[in-house]
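Below is one structure; the comments refer to it alone.
A, B and C label the chains in the order they appear, each numbered from 1.
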Amino acid sequence: MGRRVAIVGVGLTKCSSHRKDVTYPELVYEAVSGALADAGIGFEQIDAVVYGCMDPFDGVFAPERWCVDSCVSAGFLNKPFLKITTGGTTGGSTALGAYYHVGSGMFDVVLAVASQRVGETIEAQLVLNTAVDPIYERWIGAGAITIAANQASNHFHYYGTTEEDLAMVAAKNYANALNNPYAHLQRHLSVEDALRSRMISWPLRLSDCCPSSDGACAIVFASEKRARQIAKQPAWVRGAGQITDNYFAGDRPWFHDWDSLAMLARRVYKLAKISEPMAEIQVAEPYVAFSVQELMEYEALGFAEPGRGAELIRKGVTAMGGKVPFCPSGGTLCTNPIGATGLIRVAEAALQVMDKADKRQVPNVKTALAHSWGAVIGFHTMMILDKEAP
Amino acid sequence: MTRRVAIVAVGQTRHQAFRDDRVYWENDYEAAKLALEGAGLDKGQIDTVIASGWDAVDGRTISDMHTCMAIGGYLKDSAHVGEDGILALAYAYLRIASGQFDTAVVAGHGHREASLERVSSVCFDPLFARPMGANYLTSLALQANAYAQRYGVSQESAAKVVVKNRANGAHNPYAHLQSPVTLEEVLGSGWVAYPLRALDCPPESVGGVALVLAAEENVKRITSKPVWIKGVSWAIESYYLGSKDLSQIPSLAASAQRAYRMAGITRPLEELDLAEIHEPTSYHELMAYEALGLAEAGKGGGLVDEGITEREGKLPVNLSGGALSTNLLGASGLARAAEAALQLRAEAHGRQVAGAKLALAHGFSSLSGAASPTNCVVILERG
Amino acid sequence: MTQEEEILIMPGAWNLPFRHTAGRFASRFFRELRDSQKIYGVRCPQCRRVLLPPRPMCERCFASIDEWVEVGHQGTLEAYTILYVPFMGLPPPPLAMVVVKLDGADTCLQHILGGVDLSDPEKSKEVVKIGMRVEAVWREKRRGEILDIQYFKPV
């Protein structure tokens, strides 16, 4: 199987549309010092740093260079430092990077850091458009939302999912965010409010879409020996992985079926020895940038049969107090510092396992799932965390 | 006990000034195809791929949507490092050493779509450095000058590095620039940013480089000429140019020390048979000799004067011609590792050093020049 | 806010020019649109899929491609959305963005739907349907760009 690796500390920052009170290095420092404090270790104990962000949004390309010394004085101390960029999955890929750093046996304590300052960009859509292939598709300058709208529109057509189902996902996540002091959007949103919200790209309304946020996150990963020394209750990595689908979404027009995620879930569940997610996982923090994606994630992650995701939200299965709460933090729908978001999903799952999630804590969590997606709904990362070492 | 990892195949394109007939990622594709064919493997036998490069240089965000596909990543567990491809090699090493993957493809490319000056300027913070015209080249020039002034290194000393590398490149059938230059031509080339003249700076080249890596249990089924990764380390430096001693490269010294220790090397000048050093400028090769412990501080030029790093010397450096002959922006470091591997496999036609057994490859990963570069050192041994 | 507390916001902009090489495949695709008003895909020698837009290699098979196949100007609408807010560079809303599988192709093109009245959101569902047949409407003066197909209209 490989060496056991655990998360021993987590640091989050308050996210907002623009953290005007800090420079980039200061924002990163907030997350890093939070993680070190949470782990109760000094910065000199970090052996290596893995850093992720989606560069163009921040107005500085490769901002990790500018922020290098906020990351445990890595530049001053000439530490190993690796930059990861994989679109929306950047944060998730960064967690995987740190996991393999420790898993290799070369490093004992590794810091994963991810950040984004979408607030520095005046027109985020323009930046997102640069992800679109300039040869064939750049003229279709509508970015992520139209792809997600295709997912929703197809899910309605093939499975009978309704606008109300989407609104219920939004209302649930907004309510959850009220318990999360780090969340960006913190307000009451009823199902009625959601249904009255402005239509952006049918059938997705404003309430169905994530915000653009500034924020950073840091997580300390450790080898088995160090994890047991550092944390009372580490969050052990039980299984993890990534999948890469091709670029052209037109090659896979079955937008209602997130089969690339289903494939990854099968792989990771096999690694983690999970056969019945609904019975064996107590909380999930997947990447819900658009409300419909939560329903599709229920299905792809094996919590619902294909096409029947809406039943879970209608029955309250995934609400706080339900059988498997999804996005107790409010999730990406309420907070999206793009390059950091994937790492925040892992951080939130880790907090649940470590019983440190305060007001958003789900009771009796043994096993938590974190996921992120990116690119043209083609990249996914997944990590399963557990109270017990595998 | 860490699992051993070897390079089992190398692929590279014939590098050129322009390849406008291809989309940028075709460079990665061609190199990866050559590497897989060389290994007798198909994409199905690869567990993971790591792509590399900078989105700003590629002119596309999430560039790895394309480059991962180009190197066999379809539906695989892949990643992308926003670094020179030599860090993709390092990351793939970690993935295989962890036991979770057995085989990997890593690749990188250079293409001519961006203005290096413009894209590198946006790497600098908008508050202090960018308004002052900081970019890749100006920061490297500042560093070169700090080094030259501190130790009294002459322009001639640096020019000799260019003459050496270009002469070597002339024997490398893959190199972009395959023509030697004279000392007079170097010293007569126009000023770019003092003390750098045009010929002190690498060209911009188009091409691709790829490696296939495998875990030790798989190696003998793939190749009879494995190149073992005996040591690998990397390190980053501080960002603010004004807050460090520019006459040295401490991140290179630190990663070299760690890599040597891992490989059990105590006297690099004696033990290494060759080195492939990624020189972002001619001065930086001299600085690299010192950081790698091959010469004392300020004395790097002596190694060139005494012919030690020449083709026939005790420790030939950049038999491939180095970045001064072929410069893939985002993969020149990976190219150094590829060339070193070819030497150890006795496949470095035209530029082969006899009996090569132990080699050093170095990559300089930075779009921001001397501001927070990441230096990576890999020690390779013939199997 | 006192002078001590004043937080500065500094403007910045990236002006990064690029010269994107379209490569042989995209170049021929656009040339055929312009010169012969034909739409071409390419066929992978291994999986035999006809891929649109054309590309030098098939990602699934990791195989180089060199067979060109003409595809029809009509196709089936596989997915769509309707934009209700303006997006930079696109025609004004309401705008239907569609995914179309042209006859003879195995993969779809992303494009826009025209020649339909989308002004009433309630009625849009009758006007745009998954599975409906559509046809390319060509620009009068073709330039060798994807928008030489101005839009797709219902057949």
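As a working rule, a residue touches a chain if its C-beta (ideal position, glycine included) is under 8 Å from a C-beta of that chain, and two chains touch if they have at least 3 such contacts.
What you see is a predicted model; the values in this text were computed from it and never measured.
Peer 1: More C-beta contacts across B-C or across A-B?
Peer 2: A-B is joined by more C-beta pairs in contact.
Peer 1: Just to be sure I understand: the centre of a chain is the mean of its C-alpha atoms, right? Then which chain's centre is nearest the mean of all of them?
Peer 2: Nearest to the common C-alpha centre lies chain A.
Peer 1: Taking each chain's centre as the mean of its CA atoms, how far is chain A from chain C in angstrom?
Peer 2: Going by mean C-alpha positions, chain A sits 29 Å from chain C.
Peer 1: Take the average of all CA coordinates in chain B, do the same for chain C, and state the distance between these two points in whole angstrom.
Peer 2: Computed value for the inter-centroid distance: 38 Å.
Peer 1: CA centre of chain A versus CA centre of chain B: separation in Å?
Peer 2: Comparing mean C-alpha positions, chain B is 33 Å from chain A.
Peer 1: Could you check chain B for residues that touch two or more other chains and list them?
Peer 2: Touching at least two other chains: 23, 56, 59, 69, 74, 119, 122, 126-127.
Peer 1: What parts of chain C, by residue number, touch at least two of the other chains?
Peer 2: In chain C, the residues touching two or more other chains are 12, 14, 18, 20, 22-23, 26, 59-60.
Peer 1: Counting only residues that touch at least 2 other chains, which ones in chain A make the list?
Peer 2: In chain A, residues 56, 59, 134-135, 246 touch at least two other chains, as defined above.
Peer 1: Touching residues of chain B toward chain A in the complex: what are they?
Peer 2: Checking each residue of chain B against chain A gives 1-2, 23, 49, 54-56, 59-62, 64-66, 68-69, 73-83, 87, 90-91, 93-95, 97-100, 119, 122-127, 233-239, 250-251, 253-255, 366-368, 371-372, 374.
Peer 1: In the complex formed with chain C, which residues of chain B make contact?
Peer 2: 19-24, 26, 29, 33, 36, 42-43, 56, 59, 69-70, 72, 74, 111-115, 118-119, 122, 126-127, 130
Peer 1: Flag every residue of chain C that touches chain A in the complex, lowest number first.
Peer 2: Result: residues 7, 9, 12, 14, 18, 20, 22-23, 26, 51-53, 59-60, 78-85, 87-90, 97, 99, 101, 107-111, 121, 124, 130, 145-147 of chain C touch chain A.
Peer 1: Flag every residue of chain A that touches chain C in the complex, lowest number first.
Peer 2: It is residues 20-21, 56, 59, 123, 125-126, 129, 134-137, 139-142, 146, 149-150, 152-154, 157, 198-204, 246, 248-251, 253, 255 of chain A that touch chain C.
Peer 1: Which residues of chain C touch chain B once you look at their complex with the stated criterion?
Peer 2: On the chain C side, the touching residues are 10, 12, 14-26, 56-57, 59-60, 62, 64.
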